[in-house]
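The structure under discussion appears below in the form of structure tokens.
Each chain gets a letter, A, B, C, D, E and F, in the order it is written, and its residues are counted from 1.
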Amino acid sequence: MSLNAPHNDTYAKGKALSEQVNPGMEDALRARYDALVPGMARTVVDVAYGQFYARGTVDEKTRLLATVAALTALGGQTRPQLKVNIASARAVGASREEICEIIFQMALYGGLPSMINALNGALEVFEAEDAE
Amino acid sequence: MSLNAPHNDTYAKGKALSEQVNPGMEDALRARYDALVPGMARTVVDVAYGQFYARGTVDEKTRLLATVAALTALGGQTRPQLKVNIASARAVGASREEICEIIFQMALYGGLPSMINALNGALEVFEAEDAE
Amino acid sequence: MSLNAPHNDTYAKGKALSEQVNPGMEDALRARYDALVPGMARTVVDVAYGQFYARGTVDEKTRLLATVAALTALGGQTRPQLKVNIASARAVGASREEICEIIFQMALYGGLPSMINALNGALEVFEAEDAE
Amino acid sequence: MSLNAPHNDTYAKGKALSEQVNPGMEDALRARYDALVPGMARTVVDVAYGQFYARGTVDEKTRLLATVAALTALGGQTRPQLKVNIASARAVGASREEICEIIFQMALYGGLPSMINALNGALEVFEAEDAE
Amino acid sequence: MSLNAPHNDTYAKGKALSEQVNPGMEDALRARYDALVPGMARTVVDVAYGQFYARGTVDEKTRLLATVAALTALGGQTRPQLKVNIASARAVGASREEICEIIFQMALYGGLPSMINALNGALEVFEAEDAE
Amino acid sequence: MSLNAPHNDTYAKGKALSEQVNPGMEDALRARYDALVPGMARTVVDVAYGQFYARGTVDEKTRLLATVAALTALGGQTRPQLKVNIASARAVGASREEICEIIFQMALYGGLPSMINALNGALEVFEAEDAE
């Protein structure tokens, strides 16, 4: 295998995945941030989705539950991104109960406040689902 | 279902699980800490294993990968516990590559240093496996 | 002393203490979270109050000031829980000045922003007291 | 040089600097916090501005960009203070693009959520500038 | 009361307190750091001890237990400073059991790893006491 | 300008910069990590150096001082990476005094322990320089 094999067209792979789990994300980022940080939207798609989430070896549902775990443990400061990733986890098949179990477990590592704040974020995502 | 159903005998459930993924843990904790914090070892088994990991709904491998993710993102300060949980993840069937993929992904949330420090912790666990 | 002595009836001890410093908490948690995380409310009462705060050796006022210190240092992300614990500290006899002194001191460990954000949380609690 | 040379009149030096980059700050802090924490406003001016920012060796623009970097990496919990420091950086000559580049770079250390949350804080500061 | 009353001679007050709880600290800091950061040692004594710990309203034992709580919750990265503050807490009358109870409680806010790492730091301090 | 302009050949730009400030880094990362995380070394060069540090608008010295600030504030857990970035800052012209001033300032945001731990890391870098 070439040293660069995992890097063939990482933007294209990232774009396909980001549109699946989070449709319209790159356009939204570009409209809001690219005037001040040129290329920011493309970097997020290329890097986060292309060079990390699209690597394989671990399925997307497990990857997104791992991200929910980490953002919960990092604390309430990441609430907007936690909610995006909870919605992405739902989009690839995670149940509400599975998501909440992983959040609950994080009380052991991020502390009780991080767990409660993250459950509140999850409830907001689920309420938005129910309102659709 | 009784309100207390998930709490029937949480210590016994926790003890069974902790002995499976981390044999001898309660005895080691008791020998080291219980003189200064009476009951500490039992609380860890009852709470961490009985009232969190043994709850079901999510399988142990996914739970442990989520913990590896969180401890990575929280940073190098949790190295000893990260290594314990990597070993536990191995004990319930996670491959080295899966563990390292989850750690690598955490560069997006905990930053590059947390990812590199956690990979170093994983390498130490794998070297210990190879030395057995 | 039996190894399990500190664990006799931790739920009952925790329930008594949580109702003293934070009346109605278990019911509120159960109504909001137990559908998605069965048993969550009971675990919080059993663990946080029964297996930690009710242990003795250190009085509740000192324990709650220590918690106020930690939540301040951990940063503004724990604002809701900081306010709950400030109210609990008030319920067991801490003065407003004592609480604010401990928060102020945390500038040395959590940084100036964490101190200012926590003082703002304390002011909200005190304003609520004055409005009663 | 006397051991105390850097400490001659640190309050006066801090007062001059704080009024330059953040006019009215001490009075605002005193009105809000000094009843509960006597002397808090003076300590902030003396310490933060007099004993740190006014030390020389590094120019104020670089110092403030460093602070923007740190507050970004520490996460969204410091949003109010991040905005104050972005405004201060603007007051000593940093361009919007420079500030946003430093924030963007912090994705590598504080993670993607901290970067996006800080860019949102910067946008709020710039919108307030435009509204003047 | 003058606005500056709490600031009369903060260095002298801080020096007296720091020599009581941590003898020789200023000299040690000066020898190690002042060549690169002129005045650093004096700032630490003036600020940390004079403008925070020596303020009164809360006794030193409670202040130091609060600091032990915060440093525990902030995680293993502060081990050297945690140990210094545990020793200071001992110097003003805190028992080993009280210190360990406060550390144990922090599992609820800083997570299990932070609690275990801090207990290990406390054990090192106590072993050093026993070796004297 | 094309939307992709900042992304032309980010790997090549990153490689040139990483070899300047941190010679041999990609090879060292590949030798250590690529067996478990294929492509990891290339991603670090492409992303960290090509898609962030090589963007322009802010000079490398300021970028590296900002990184030193952030890693200091994030705490002692990032010591190895802090030292790498201090050495990189030296390589692009930052003086020892400038680096230590920025670290010292971080006491205001990351707390006293993070400042002292980072100064110790800087001293280790400077000692290694003197030993060459």
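Here is the rule we use: a contact is a pair of C-beta atoms (placed from the backbone, for glycine too) under 8 Å apart; a residue touches a chain by one contact, two chains touch by 3 or more.
In this text, all values refer to a predicted model and were calculated from it rather than measured experimentally.
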For this session: In contact with subunit C and with subunit D at once: which chains are those? Just list them.
Result: A, B, E, F
For this session: Average the CA atoms of each chain to get its centre, and name the chain whose centre is farthest from that of subunit B.
Result: D
For this session: Over half of interface residue numbers shared between subunit D and subunit F means same, under half means different, so which is it?
Result: same
Problem set entry | Repeat of interface A-C, chosen from B-D, A-F or C-D - more than half of residue-number contact pairs shared | C-D
Exercise. Count the touching C-beta pairs: is B-E or C-F ahead?
Worked result: B-E
Problem set entry | Centroid spacing, where centroids are CA-atom means, of subunit B and subunit C in whole angstrom | 26
Problem set entry | Centre-of-Cα separation between subunit B and subunit A, whole angstrom | 23
Seminar exercise, completed: For the pair subunit B and subunit F, the C-alpha centroid-to-centroid distance in angstrom is 31
For this session: Return the residues of subunit F touching two or more other chains; collapse runs of consecutive numbers into ranges.
Result: 47-48, 55, 71, 73-78, 97, 101, 104, 108-113
Seminar exercise, completed: Given the complex, residues on subunit E that touch subunit D span 1, 3-7, 11, 30, 38-39, 42-43, 46-47, 51, 55
Seminar exercise, completed: In the complex, subunit F touches subunit C at residues 73, 108-113
For this session: Over in the complex, which subunit C residues touch subunit D? Could you list them?
Result: 75-77, 96-97, 100-101, 104, 111-114, 116-117, 119, 122-123
Exercise. Within the complex, which stretch of subunit A touches subunit D?
Worked result: 32-33, 36-37, 40, 44, 48, 71, 74-81
Seminar exercise, completed: Residue positions on subunit A within touch of subunit B in the complex are 47-48, 52-53, 55, 57-58, 62-63, 65-74, 78, 97-98, 101-102, 104-110
